[in-house]
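These notes are about the structure you will find just below.
Note that the chains take the letters A, B, C and D in the order they are written out, and that residue 1 is the start of every chain.
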Amino acid sequence: MMENVYLPQIGRIAGIREETQGARAIKTFQVEFPDGDAFEHQCGQCAMLSVFGRGESMISIASSPLVKEYKQFSIMKMGRVTSAFHAARIGDFIGVRGPFGNQFPLADWKGRDLVFVGGGVGLAPMWGALQTAVARSQDYGKISLFYGARTAGDLMYKADIEALQTSVAVQLSVDNPEEGWQGYTGFVPANLMEKAPSSNNAIAITCGPPIMIKFVLQNLKALGFADEQIYTTLENKMKCGIGKCGRCNLGKDYVCTKGPVYSWAELKKLPQEY
Amino acid sequence: MEKILFKEKLRQWVDTLNDYEVLAPAFADSVWDYARVEAETEIDLSHTNTVNPPKQFAFPQREVFFRFERVDGVPRLTPTVPDPKPTLVLGVRPCDGRGMPCNDTVFSKEYRDPYYWARREKLTLVGLACNEPYAPNCFCQSVGGSPHSTEGLDVLMTDLVDRFHVRGITEKGLEVIERGGDAFDRVKDDDAAEVEKVHAAARSRPQRPVAEMDAVAKAIREQFDSPLWEEMARHCIGCGICTYLCPTCHCFDMNDEVTGPNAGTGERVRTWDNCQFPEFTMHTSGHNPRGDLAARLRQRVAHKFLYFVENHATRQCTGCGRCISGCPVGIDIVAVVDRVTRS
Amino acid sequence: MVNVDELRSLAAELLEQGQVRSLIGYRRGTAGVLAEPCTIAAPGEAETLVWDPTCLNNLALFLVEERKQQAAASAPDKRPVGVVAKGCDSRAVSVLLQENYFKREDVFILGVSCEGTGVIDPRKLSARLKGRWPTRVEFAGEDGFKVSAGGDETLVPARELLADRCLECREASPRLNDVLFGEVVTERGFDEPFRAAKAAQEATEDARWATWERHFDRCVRCFACRAVCPMCYCPECVVDSTTFVNTPGTSAEEKATRIRWCERSANVSESAVYHLTRAIHLAGRCIDCGECERVCPVNIPLRLLNTKLEMEAFQQFEYEVGRDFERPSLLSSFRDEDPNSFIR
Amino acid sequence: MPNPLHSNASEAQEHEPRVVAFLCKWCSSAGSDLAGVSRIQYSANATPITIPCTGSVSPMYILAAFNKGADGVLVSGCHPGDCHYMEGNYLARRKLYLVQQLLRFIGLEADRFRMSWVSAAEGAKFAEIVDEFVGDLRALGPQNRLKARH
């Protein structure tokens, strides 16, 4: 039977971890494939997750390709499908379709410093790449992570970040701190400017709310990062994931197939319609 | 392979195709649209052009992808890839014929769409050349087509007053002509000359002129941020006519429709969608990259005259004029393209 | 006869003196014989205004768009907007005033009377010309149109080309206006009102369903009938999920629990819910400008649904739509002598 | 007890009509409770949905009921003059008359949508209305005109 690209595989929720509470709660889901038909994916790729009867939404695969037992997705409660995920329990079944989109070109970055700059749930799309780089840290130079959110309660993967302290220079920041907060106080771009990581032979990867990306780009330029050294992963509304339904385009590119990972050099050439 | 089909023997040919589902233009509710040819249908090929292009037979307004239900707790999916009867469409105008290769490209590049191709492979398009451009808004010759182009068609018929000159183009076309058997007659020597005369006359008929079609792509890129789009889209009402009637528009939406008492039973359904609707690109956060009608008009025109050219080296507009004639407020893609190129 | 030059000079004057911030009218279209809507702000542009039997659009729709932009504008210009309005269009403005969509002083109405004729139905025109292209259609004397197509000009009696809404029109000149061009006309020599709806009602129940099932099946849900209707001004249409508006403030629960009264699929049951909901939401509000039926690409007789309810409102509740905007609307008022027999 | 007078077509026989009844909380819902309390035997086909007032019945509810497959829809409220909100039933009378006319205009069987006045004291009347309605619907058979087909 021809491979039907619209037919999801059945996934089972094996683990649920609450990352943050509140109106925009974030939960991390570990999805296994009971039929053993898990697909391979690369860092930065996404998958279409289905809750049957509610719909589908495109979520970045947060786990590293080196992890085979499950695929990890961090989902913020935003609407119809994501609310269904937040109501799901361990053992529930979902649909998974993918992998979609291009990947972070980790191979090209060999031998260079890596500067990850994330905001809020924007850490998830880069997490796979960060984990893979740490696992092969001998191939790369200094790895640093600038990550921030509104409050300490909104920071994701706190335990995993703690575990990274030995191999990654972690710079956490919050917009408004509670007492006892040792990290940086202020926005992520300001924290970046203050720590001023060196831009020679370095690659910067950023993902987060559009407003943050705007200022991070400015500051990275100020720190001497060339357009080819800056990468980001875009988020546009997606329905098919395979470059046909016509809504996620940026100029001639469909973000779901030509993206979501773009270097600023490529992104600059496209119309700023995202 | 070329044949002559006398008009009174058209019915005889259609009757030999009994395992086909035959569709032909029919005039009902004072509009021409395709309708199934029944035993008693009087086939009338004097139509201008149908409201809906033949795109609907490969890319219908509603397509069920699969049914889902819960069987002792585990979702079971039943794919519903269609397996239609072979379908033959009569009276397809060359501009609609030229639309199909664009859709074929879209539904096969990078990923193959099984639902589209299950219908497309069973579809045979019998074209009818335009002896005179029928509507005030035809401009097929300005976009590389012609009133008798064969692109995307399996058979091309040319009306020679009392008979049709029939030319088989593809395998599918040859097969349906062979099935016709003695409904067809041999082509006589002066027939070929007459066909050429009719085609030449059709080509010479005036059409909507488009300034310099080759400069359009570059002009759109340069005028991307110009306020011209705002002014041209001023009275657009954001309806779906221009895209739903277009032979090459392929955008769609996917939704789950619950059919059972609980959310576990239902269907995932594809329906046509439209870049002029507000929700088309609206993020769930409310952010909308194309929030106003000017950006959406620009997207519709740029997709056909710039992006498709950049991706596939061919335009995605065949000059059928439906989006111009159908627009409730007179937005005219030829005028838009002209103004963008001139300024 | 409506003197178009007077209309143009008044428009230029209004814009010149800044009495109106912009003026909505008709101008020659590029897309065929029909005039198209235009919004002019400079006095010089008044020259482009036209008035002929192809001015079909109900320009009240663009008053609604203007009002929406006004609401969104940070420093709105308080001056009124000028609008050219036929009899039916001015009744639409009257209903919008009745619903307090904008104030009477927000709009300056340049009334144009259709007098003995009205506007054409493009499909009747193309059927009559059998494929030849019309280039111009003009008013010609008391009861006819001058149609120029392919070089020759013919005089056509109005009845053959008039849109159905004009055949059933009860008042061809706008009662609500700031200035009126052309004579006041209340007697019309054509069909009696609601003729089409009465005729459709005569068919048997099964015949009616067969007709409407076919129409609901042919509908491709392009939503042009809703987009072109001045009364369909809801920012979010309850039966059209493509208009659902998300803002950063919309909570996840709201989005998740939003009811889908009908699916996006264009099959009979869902399109039926869409069209019937629209019809009932227009009860006592639709002034039969006929634009929904005119723009429908597959020509579904949508006017029938609205004129049926308008007829019931007129016969059972003595309610005339768009007659007087001080009066309470149909569904927010009642009378003791409203029909009661249908309730057991 | 299905009314014997109406049951004829065999195919309509085994189809148990499903009725959605919008009952106004102040009168008709209390009336249906009274029917129950007084042990009156009547068809159980009507699914009651309590609403604050017949005036608050949106045409969407009626269209959605038929879309989901209801064979009949009943809207029942207080007699004119008894409305807890003074004029809810008068407004409903006008609005639902138009809904009924519209549904008949497009060809839905005339008997499928009904309105009734049932006060809190008219338990017997409520039972009789439901019985008669279900009987008529049984004769009409299943509703598949506005019903979503899959």
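Throughout what follows, contacts are C-beta pairs under 8 Å (C-beta built on N, C-alpha and C of every residue); 3 or more make two chains touch, one makes a residue touch a chain.
Given the structure is predicted, the values throughout are model-derived calculations rather than measurements.
Enquirer: Mind listing the touching groups among the other chains when subunit B isn't counted?
Expert: one piece
Enquirer: From subunit A, what is the lowest number of touch steps before subunit C is reached?
Expert: Minimum step count, subunit A to subunit C: 1.
Enquirer: Write down the chain pair with more C-beta contact pairs when B-D is set against C-D.
Expert: C-D
Enquirer: What is the chain whose Cα centroid lies farthest from the Cα centroid of subunit B?
Expert: Relative to subunit B, the chain with the farthest C-alpha centre is D.
Enquirer: At what distance in angstrom does the C-alpha mean of subunit D lie from that of subunit A?
Expert: 54
Enquirer: Averaged over CA atoms, how far is the centre of subunit B from the centre of subunit D? Could you give it in whole Å?
Expert: It comes to 47 Å between the two C-alpha centres.
Enquirer: Any idea how many Å lie between the Cα centroids of subunit C and subunit D?
Expert: Whole-Å distance between the two chain centres: 36.
Enquirer: Using CA atom averages as chain centres, what separation in Å is found between subunit B and subunit C?
Expert: 30
Enquirer: Please output the residue numbers of subunit D that touch at least 2 other chains, ranges allowed.
Expert: Subunit D, residues with two or more chain partners: 148.
Enquirer: On subunit B, where are the residues touching two or more other chains?
Expert: Answer for subunit B, listing residues that touch two or more other chains: 253, 255, 257, 273, 280, 282-285, 287.
Enquirer: Can you list the subunit C residues in contact with two or more other chains?
Expert: 246, 255, 263, 267
Enquirer: Kindly provide every pair of chains that touch.
Expert: A-B, A-C, B-C, B-D, C-D
Enquirer: Quick check on the complex: what are the subunit B residues that touch subunit D?
Expert: For subunit B paired with subunit D, touching residues are 257, 259, 267.
Enquirer: Could you list, by residue number, the parts of subunit D that touch subunit C in their complex?
Expert: 59-60, 63-64, 67, 80, 87, 90-91, 93-95, 97-110, 114-117, 129, 145-149
Enquirer: Would you tell me which residues of subunit D are touching subunit B in their complex?
Expert: On the subunit D side, the touching residues are 148, 150.
Enquirer: Enumerate the contact residues on subunit C facing subunit B in the complex.
Expert: Residues of subunit C touching subunit B: 29-39, 57, 61-62, 123-124, 127, 131, 133, 218, 220-224, 226-228, 241-250, 255, 263-267, 291, 294-295, 297-301.
Enquirer: In the complex, go through subunit C and note every residue touching subunit D.
Expert: 197, 200-201, 205-213, 238, 261-263, 267-270, 272-273, 276-277, 279-281, 283, 304-305, 308-309, 312-313, 316-317, 330-332, 334, 336, 338-340, 342-344
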